[in-house]
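Consider the two complexes below, in which chain A is the common component and chain B and chain C are the respective partners.
Coming up: the complex of A and B.
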């Protein structure tokens, strides 16, 4: 268990450090943030033509309200925490890969729903926007990641990590 | 700001010249290689000063600006006959009031503006030509997609019904449109569309008319207009800025949304998880992981 905790912290710090480097920012974080605004705008324009996206900004042409999807708004940090936990937990690599893919999809899909909902809540009422953004959606994103994590653990074969825990010097991968 | 699109094409062209020269006999000739190296350098140098966004100074905060040197009533006029939505952003005039008949204005009205605003407008109008002397191509009047660059017309330009210009690029790309490089040029849009493509920003698009005005009717438009005379819009959806050396007249704006409104005051940031939430999520996952491991190791 101590091994899981140590690995979790080390991988988490490493992933966050990599995320902050300029190459990762220019190759992944900024393009994904732009894409998130674009995906959100495309989804919204299906039923509302008065929306435009430019850069990381999603704006209503009806009333000018805009939300800016900045670094930290793109769901990447939540996904990194989930990925670090899955990499640290003793499990077969195939399960890890599937879990990471499912986790990324779940977190990012919910984040798109979050962005779109906040965009409309903000147009309706700024106080409700603040409350939803500061409390409601943070809790829902955490719950989403936690549910994915628990479901993933349940799908693991029961013997996946027991030998490693029982025999710490085993050559099994972490 | 400069765009990378033109630079890429110029340097790619230079690289092609080098590659073609490499395939020719005597490719190693030092003079030939020096000439090609100079061509590559020259291409890169041209790129370095392609499409420079003008410094708007204190005018950048305005969505609509009327700058009559002799301030008169009607320097800024907004009329909503019913279908309009209004002005989203700050409105400025050199007169001591604007003429507003039913327009919803979401932003402060500055009347009169400080003297520095007028001089910053003059500087921006003068500098946009000086900073962008080379034209990438002519301003198209048929439906097309434009990469970032400097587009010019010697005289007036009319973008007519059904025409759509798509400005395709990324968030830092810049488009400059110079109308009337021959000395006189008005810009007219009627039932036309100028829209952004990709992640490009309407706040990086600049239009400048020369000794003439700008008119947009029943159109969708993007960019900052630096009109050397009047600017008039009717039933037009516009993201950017409308700035006129004389009068700015809006009828049923659908709306006009300023860049400052989008980028600063109006744009709310929406972080997914705050610092404490990230710590809490990591803690929850760790606790759940511990619990699962403990349960499984205790299972017979």
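Coming up: the complex of A and C.
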């Protein structure tokens, strides 16, 4: 457990530091955030034609209400946490790669639900929007990442764990 | 790749979901009573990082108001001190999340209370570096008065990002894993010997 937590923290800090650098922001974070707004708008226009997306913004052409998708709302931090957890957990690389792909899809799919739901909650009630945006959805996205991680671990073959990969049983972490 | 039946995870998730609404309601209603404790902890962190910039800490409802020693000039003939407001709820929503996870795992209240106490430094971190980041964002003159220059500015920026984007959501989950190793082992089907050999039963 101690080895996992140590690895997890190191990998997460490294990924997070990289994410904050200008090259990563311009090559990954901003394009993904723009794409997220566009995907959300495309989905919403299936049942609501009064929605447009420009840059990181999703706007209703009916009442002018708009939301801007910012850092912390694009699902990237939750994705980084999930990636770090999968990389830190002892598993074959093939399973790690599949798990990361499936995990990213699961986190981002729920994040699109979050963006769309917040867009409509905000048009209904701003106080409810703040509540859902700042507190509730943050926890739900993290719960999603936790569920994906637990399910991923259950798909791992037991044979993947050779004694050398596991910590000695006598050295239990606190 | 073999897929084990995720029924135990399903039951745990369902219980957690059911506990989330009452936990969030309780957290929100009790937030103003917890704010002074968090404010005091944040003040300790601020003093450790940069002593002498805080003169007092006030509270208005759920909002913490840091009264600084930093002088500002709202008009040429006026002098005041900088007040910085921080909403602690932004950094404490992990508490109801943690309690819901623990209740979903049917953990004992002693563990839940211990976990809530362990969360305090992480929450205080977020509050403290929100306060310091606001000072840095106010401007170079204010930042210089506070002694937040060079590496301190960079550290404040990184610590604020970690405190606002990583700690609030991650700390509850990490604590839940650490506090529920038997259940965790059962949930993952004891796939990792070092993490799951204490596996117990899940109701």
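Keep in mind that, in the parts below, the second predicted complex is superposed on the first by the 162 of 174 C-alpha atoms of A that agree within 3 Å, B and C clash if a C-alpha of one lies under 4 Å from a C-alpha of the other, contacts with A are read in each partner's own complex, and residues count from 1 in each chain.
Just so it is clear, contacts are C-beta pairs under 8 Å (C-beta built on N, C-alpha and C of every residue); 3 or more make two chains touch, one makes a residue touch a chain.
Computed from a prediction, not measured in an experiment: that's the story for all the values here.
Following the overlay on chain A, a clash is recorded for the pair chain B and chain C. By the touch criterion stated above, A:146 is placed in contact with chain B and with chain C alike. Look at A:34: by the touch rule set out above, it reaches chain B but stays clear of chain C.
Of the two partners chain B and chain C, more chain A residues are in touch with B. Of the two partner chains placed by superposition, only chain B is touched by A:114; chain C is not. Once the two complexes are overlaid on the shared chain, A:74 sits against chain B while remaining clear of chain C.
Contact with chain B, but none with chain C, is seen for A:129 once the two complexes are overlaid on the shared chain. When both complexes are overlaid on chain A, the residue A:95 reaches chain C alone and has no touch with chain B.
After overlaying the two complexes on the shared chain, residue contacts for A:20 are found with chain C alone; chain B is out of touch. When the two complexes are laid over each other on chain A, chain A has residues 1, 4-5, 12, 72, 77-78, 81, 89-90, 134, 138, 141-142, 145-146, 150, 153, 158, 161, 166 in contact with both chain B and chain C. Those residues of chain C lying in contact with chain A across their complex are 1-4, 6, 9, 13, 16, 20, 24, 89-90, 93-94, 96-97, 100-101, 158, 161-162, 164-166, 168-170, 172-174, 178, 181, 187-189, 191-195, 197. Looking at the complex, you find that chain A touches chain B at residues 1, 4-5, 8, 12, 34, 37-38, 52-57, 59, 61-70, 72-75, 77-78, 81-82, 84-85, 88-90, 111, 114-115, 118, 122, 126, 129, 133-134, 137-138, 141-142, 145-146, 149-150, 153, 158, 161-162, 165-166. Contact residues of chain A toward chain C in the complex are 1, 3-5, 12, 16-17, 20, 71-72, 77-78, 81, 89-90, 95, 98, 134-136, 138-139, 141-143, 145-147, 150-151, 153-158, 161, 163, 166-167, 169, 173. On the chain B side of its complex with chain A, the touching residues are 85, 88-89, 106, 170-171, 196, 199-203, 237, 239, 254-255, 257-258, 261-263, 266-274, 277-278, 280-282, 284-286, 288-290, 292-294, 296-297, 299.
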